[in-house]
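Please find the structures below.
You will see two complexes here that share chain A, one where it goes with chain B and one where it goes with chain C.
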Partner chain A sequence: MLKFLGKRLAFGILTLFLIATATFFLVAGAPGDPIAAKVGQMPEQAQEIISAKYGLDKPLFQRYALYMKNLVTKGDFGESIIYTGKTANDVIKENTMVSAKIGLIALVFQVSIGLSLGLVSALKRGKAADHVIRVLVVLAICVPSFVFAAVLQYFLAFKWKLVPVFGWGQWTNYVLPVAAYALGGIASYTKYMRSSTLGVIGEDYIVTAKAKGCTSRRTLRKHVLRNSLIPIVTMVGPALSGIFAGSFVIEKMFAIPGLGFYYVKAVSDNDYTMIIGLTIFFAMLFVGALILVDILYGIVDPRIRVAKGSK
Partner chain B sequence: MDEKILEVRNLSVSFHTYAGTSHAVRGVDFYLNKGETLAIVGESGCGKTVTSKAIMGLLPMEQTEIGGSEGAEILFNGEDLLKKSENEMTAIRGSKISMIFQDPMTSLNPTMRIGEQIAESILIHNEISKADALKKALEMLEMVKIPNAAQRLKQYPFEFSGGMRQRAMIAVALACRPEILIADEPTTALDVTIQAQIMDLIGELQKELNMAVILVTHDLGVVASVADRIQVMYAGKIVERGSVDEIFYQSTHPYTRALLSSVPKIHTNNKETLYSLKGTPPDLIHPPTGCAFAPRCEYGMRICRNKYPETVKFSETQECSCWLHHPKADHSGLPENMVRGNR
Partner chain C sequence: MKGRTRILAVLMAAVMVTGSLTACGGKDSGKSEGGKSGKGGEQVLNYSYNSVVVGLNPILNTTAPDNAAHGMVQEPLLRNRTAENNTNEVGPASAESFEVSEDGMTYTFKIRKEAKWNDGVPLTAKDFEYTLKLMADPAVAATNAWLYDGMIEGFTEALYNGGDPQAIGVKAIDDSTLEIKIIHPAAYFPELICSLYPVRQDKYEEWGKDYGVSPEKTLYSGPFVVESWNQNTEMVLKKNENFWNAENTKLDKINYKVIQDNATAVQAYLNGELDLTGTQDDNWAKQIEAAGDSETFSVPASNTEFYMFNLGNEYLQNTKIRQALTIGFDRENFVETIFNGNAVVNEAMIPDTTMVGDKTYVELVDGKNQFVKTLKDENPDPKKLFEEGLAELGKDTDTSKVTLRYATRGTDELSKKIGEYMKQSWEETLGINIQIDMMEWNIMWDKIEEGDYEIAQSGWGPYYNEPSGLMSIFEPEQGYFNANKTGWKNDDGKKFTELLNQAKMETDQQKLADIYLQAEELLVKNAVLSPVYQLKSSSFIKKYVNGYYISTNGNTDWSNVSVDK
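Entry: the complex of A and B
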């Protein structure tokens, strides 16, 4: 197990290195100039001074070597070009938790509601409950989150004045973004849980369980659930990394100072340090989540656990 | 000695499918004596598995219709299983009547330890602690001759070979010492060397626990060595039944004959063509009115297609439903030992 983890970590680090390198050169090769974007009209000398501050006057490979050195030795992503005085690390530190809070709450709702609905839908296959759930799922998947967010804002906030339209700071601010963010996820978890449960119900070992004298409840608890959750684990891991990244659309609509907002803005600003820094950060989360999925997989599925443990 | 433990009367089973109602079992009567082995033989889709699942109450209730208008009965020790509630049936399944299945690779829960799967049926049917149930599970595993049972108990199905999984399945089924074991093609998915071991094991345990076995199979080779009586099914009906000797040496139904001829013999030389029965079984959504085998039968007559033959009794155990045994039938051209009673 340890050996396996070590191997996965080594590959993870290699992946991150490749992503960092690729991003660095791609961003540098992109058209546009961050200095020009920031200051526009400015005497040439001043521009040169700013260029020198960010090392933009140096040859590309020298910049790359310097960047990597700072990244590896100090974990430093560098100072933002747009937000003078702030490093990409600061932005990540200040805003990640905002995105993560909303994302995590939304994820809890997505998983709990999604899995329950999926299970009900599968067990009541072909009955009214199943049809209703399936129609709702298709609807929820088709409606973009910003449309749903707008509908929520209109009714819950504007018409009935239950919660603020947007803003950040009180618990009531959480309600709308969490709901808007969770909807799509609930729908997809429902969909996946339904099909995975139906698959398990059709397996021979479910007949064996019944032939043993298991009641349908016991069959569900002891034989169906665990097996139907296996494919779901694959979905939860990446979703877990996604919550830190936040959703640009949701954050923008509800004026939430989350990371997704900064990420998209960095791209349009041509803010080199921010783009590369945030990309590496998200890649780190994603790689970490995938390793976590592998571990979780081993816990739910003994077939994979032992395969790992063997020499 | 010949005490009937199970009696199936006029059992018919239909499934409602998108294509229409499929009449999988069309009026089947048979009995099972205590401690004996009854083999139900027939090709795929003849209704043998459906019959056994009907006894267990394992058919999907929503799409299934059992009995029809004439009223079927499945009497287990005199009580009609078809009249039992689902709760009463759960109490019988796995404790009084058990079943093992064709494919041991998929019949065990992949994420549950073998020991727990065996212990589960003990836990369900007895007031017993989990630790004691596991102890009994260990005994069961030893009983089905799995080496290193204590260690194997903690393993998962994927760590078992096919033959060992079938042994584990047998341990699951027999954990509560049932009175009847229904073995639905227990050796079909196993290779030949393992087949004999599994059949021997079932035979041994049958004697040890004094249980009756219904062996569902299409493999006559398996049947010959273990069964007491055989009944041959075709298209949802029993066409012939008899003791092992009667079926193997004096079978009277052309279908039984065809099945027997399809088994390769040890002295068959490689120049001979192996007999194979032409054609396919009928579509049971529109079952034929006459004998369902008539279109494939080499002795088929006009009446065969129009009217189902009456059952002719040849001995205490042997019966056959075929027009060839009608007094007016033309017996010329039939193999000599096929015509019984008329000789």
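Entry: the complex of A and C
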């Protein structure tokens, strides 16, 4: 197990390094100029002075070497070109938790509601409940979250004045973004849970369990649920890393101080220190989440653990 | 273009009186009714903007939202403020008065004795001297430094040619007297200096890179100080008790919200969560007007929008062909179709609101600068003009064999709509082929820089309200759109440079306007560019907000705004 973890970790670090390098050169090669994005239009000479301040007049490889040196030795993503004096580290520190709070609450709803609905739908296969759930699921998957958000905002906040239209800081501010964020996920989890459960129900060992006299409740808990959760674990891991990134559209709509704004804005501004910093941060979370999933697999599914151990 | 969105943003900025009394910490007894304002109740204004304040260091952060925030928290020498009827005036701020020498090249500002920083230290002429000298240092890379290039004595040498920043023509004679020497008389210098927000040496050096990054590490000289700041959502400002005019400052607090989504801002406004908003959406505008508790301001933005022609192109080198393109579409119809009438047609490069001294330029030249109109009157048939142009070039006069590329300024809906409209118009009127190149705005600027375009949509918001603010960008040697970008290398271009140089030394209002008229003729009548429109912006302000005005140029005088609910 330790050896396995060590190997995964080493690969993770290599992946991160490659991502950082690729992002650096992609951003540097992309058309557009962060200085133009920063200051708008000004005479060329004046722009050159500002470029020089950020070292953008230096050769590409020199810039790359410097960037990597700071990253590896100090863990410093570098100062943003647009947000004078701020680093990607600052932005991550200040804004990640906001996105994460919304994302985590939404994820809890997604998983709990999604799995229950999926299970119900599968167990009542072909009955009215199943049909209703399936129609709703298709609907929820088709409606983009920002449309749902706009509808919620219009009715709950604007028409009925139950919650504020926008803002951050009170619990009422969570209602709309969490709901908007959760909807799509609930639908996906329902869908996956349903098909996964149906797959398990048809397995021979369920028949065996029933045959040896297992109560249906016990069959459900011990055999069906446990086995149908395996594919879901694969989904939850990356989703867990995704919550930190936030949703740009939803954060924009409700004026929430999350990380999504910085990421999207950095790309359109060619703010390369910020882009690379945030990319590495997300990549780290993602790689971490995948390793976590691997470990969880071992817990949920003994077969995998055995297979690894026998190598 | 970036500039356009910024200016738009300014106009769309929304002020809102906070859910008024409820938000005032229950000081007010009549809070449930929301009717009368309690005397002694806190005056809170909720303002909103659609993009973030990047930083509070006035030397390094100069985007439009930054400038709006600096206007709230810093006190320049003079203020370019919007006044009643949405007009502009440049008036005293931290300088109570100023004098200009007879040759128009030495300005002496008298700083108020009572002017102070928020920590109680007096705001002096030395602070402004320090600020300007800092800006002249290329290592500082001040974003607005270039405004004083070719203006303040010695500034160009220091900024670009290794000269000594300490040697520029700025001197604090004593704590309350600041002398600035400029190299040519420029009646717009007072307006230009309105964007000069001071920093103070001791703290600027002590805090270094951190200056203006957080509210604690920023010094304030204006009517408000920043209490807390969450960059992408909210900045809370409260009254600066040490401000020289604090006595007459009415607001106690401004909640500066960042709301990027227009529908959100409008709904919040309608629900009483905001007090000022703007929208381009007719449906929302009607709902707001129906509510009846708002005043509507509709003001053209200072950015003018135009098409640029690359004179290096085999067809576009010909004046008649460019002129034919200039008059080859209907501007009224354009504005109606694309903007529902929320824009002003431009038949001149210089907007009608532009001033020369104390009169408008249009008034001084008696409206003779409407060169697009002149062109239309002289050439009833644009297609014929185009054919004549082709003949002059010795080419086949069949216009259908001509294909021109049109670069959009972005890939958004609006750019698409404009591109399609122009393609259709030009193809129908002139019989030519237009190929649309869709591109992001920053990529378009790259292409223009390399001269890799034929026709491009462009625009510019001038930094001061005088004709040279717009014209100088096309100056073929040093302008932003220099000859390398525009291909304007013919004799007209040289004459244009001469005229602008002549204008720099001219002090007579009428003569100055006449020089600009000649220059504009070269630019517009000879169709180096084709002016099209200026956006108009509708802003809505709740009736209980007083003293808040919107004009094309200029900043709000925040000490004058009040909330009288």
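Criterion: the second predicted complex is superposed on the first by the 300 of 311 C-alpha atoms of A that agree within 3 Å, B and C clash if a C-alpha of one lies under 4 Å from a C-alpha of the other, contacts with A are read in each partner's own complex, and residues count from 1 in each chain.
We adopt the following convention: a residue touches a chain if its C-beta (ideal position, glycine included) is under 8 Å from a C-beta of that chain, and two chains touch if they have at least 3 such contacts.
Please read all numbers here as calculations on a predicted model, not as lab measurements.
Asker: Mind working out whether A:226 is in touch with chain B, chain C, both or neither, as first, second, both or neither?
Answerer: A:226: touches chain B, not chain C.
Asker: Among the partners chain B and chain C, which is in contact with a greater number of residues of chain A?
Answerer: Touching more of chain A: C.
Asker: Could you look at A:70 and tell me whether it touches chain B, chain C, both or neither (first, second, both, neither)?
Answerer: After superposing on A, A:70 lies clear of both chain B and chain C.
Asker: Once chain A of both complexes is superposed, is A:215 in touch with chain B (first), chain C (second), both, or neither?
Answerer: After superposing on A, A:215 lies in contact with chain B but is clear of chain C.
Asker: Scan A:207 for contacts with chain B and chain C and give back first, second, both or neither.
Answerer: Touch status of A:207: first partner only.
Asker: Touching A:256 in the superposition: chain B (first), chain C (second), both, neither?
Answerer: Second partner only, chain C.
Asker: State whether A:86 touches chain B only (first), chain C only (second), both chains, or neither.
Answerer: Second partner only.
Asker: Where does A:157 make contact in the superposed view: on chain B (first), on chain C (second), on both, or on neither?
Answerer: Touch status of A:157: second partner only.
Asker: Touching A:300, do we find chain B (first), chain C (second), both, or neither?
Answerer: A:300: touches chain B, not chain C.
Asker: If you stack the two complexes on chain A, which partner ends up touching A:50: first (chain B), second (chain C), both, or neither?
Answerer: A:50 contacts chain C only, not chain B.
Asker: From the superposed pair, tell me which chain A residues show up as contacts to chain B and also as contacts to chain C.
Answerer: In chain A, nothing is touched by chain B and also by chain C.
Asker: Using the touch definition up top, name the residues of chain C that touch chain A in the complex.
Answerer: Its residues touching chain A are 1-3, 6, 52, 54-55, 57, 60-63, 138-139, 141, 143, 145-146, 149, 159-160, 209-213, 230-234, 257-261, 263-265, 267-268, 270-271, 273, 440, 442-443, 445-446, 460, 473, 478-480, 482.
Asker: Where on chain A is chain B touching in the complex?
Answerer: Residues 203-205, 207-215, 218, 222-223, 226-227, 230, 300-303, 306.
Asker: Provide the residue numbers of chain A that touch chain C in the complex, in ascending order.
Answerer: Per the stated touch rule, the residues are 31-33, 36-46, 49-50, 52-53, 82-86, 94-95, 150, 153-154, 157-158, 161, 164-168, 252-258, 261-262, 268, 270.
Asker: Quick check on the complex: what are the chain B residues that touch chain A?
Answerer: Against chain A, the touching part of chain B is residues 56, 58, 87, 90-95, 98-99, 101, 103, 106-112, 120-121, 124-125, 156, 158-159, 169, 172-173.
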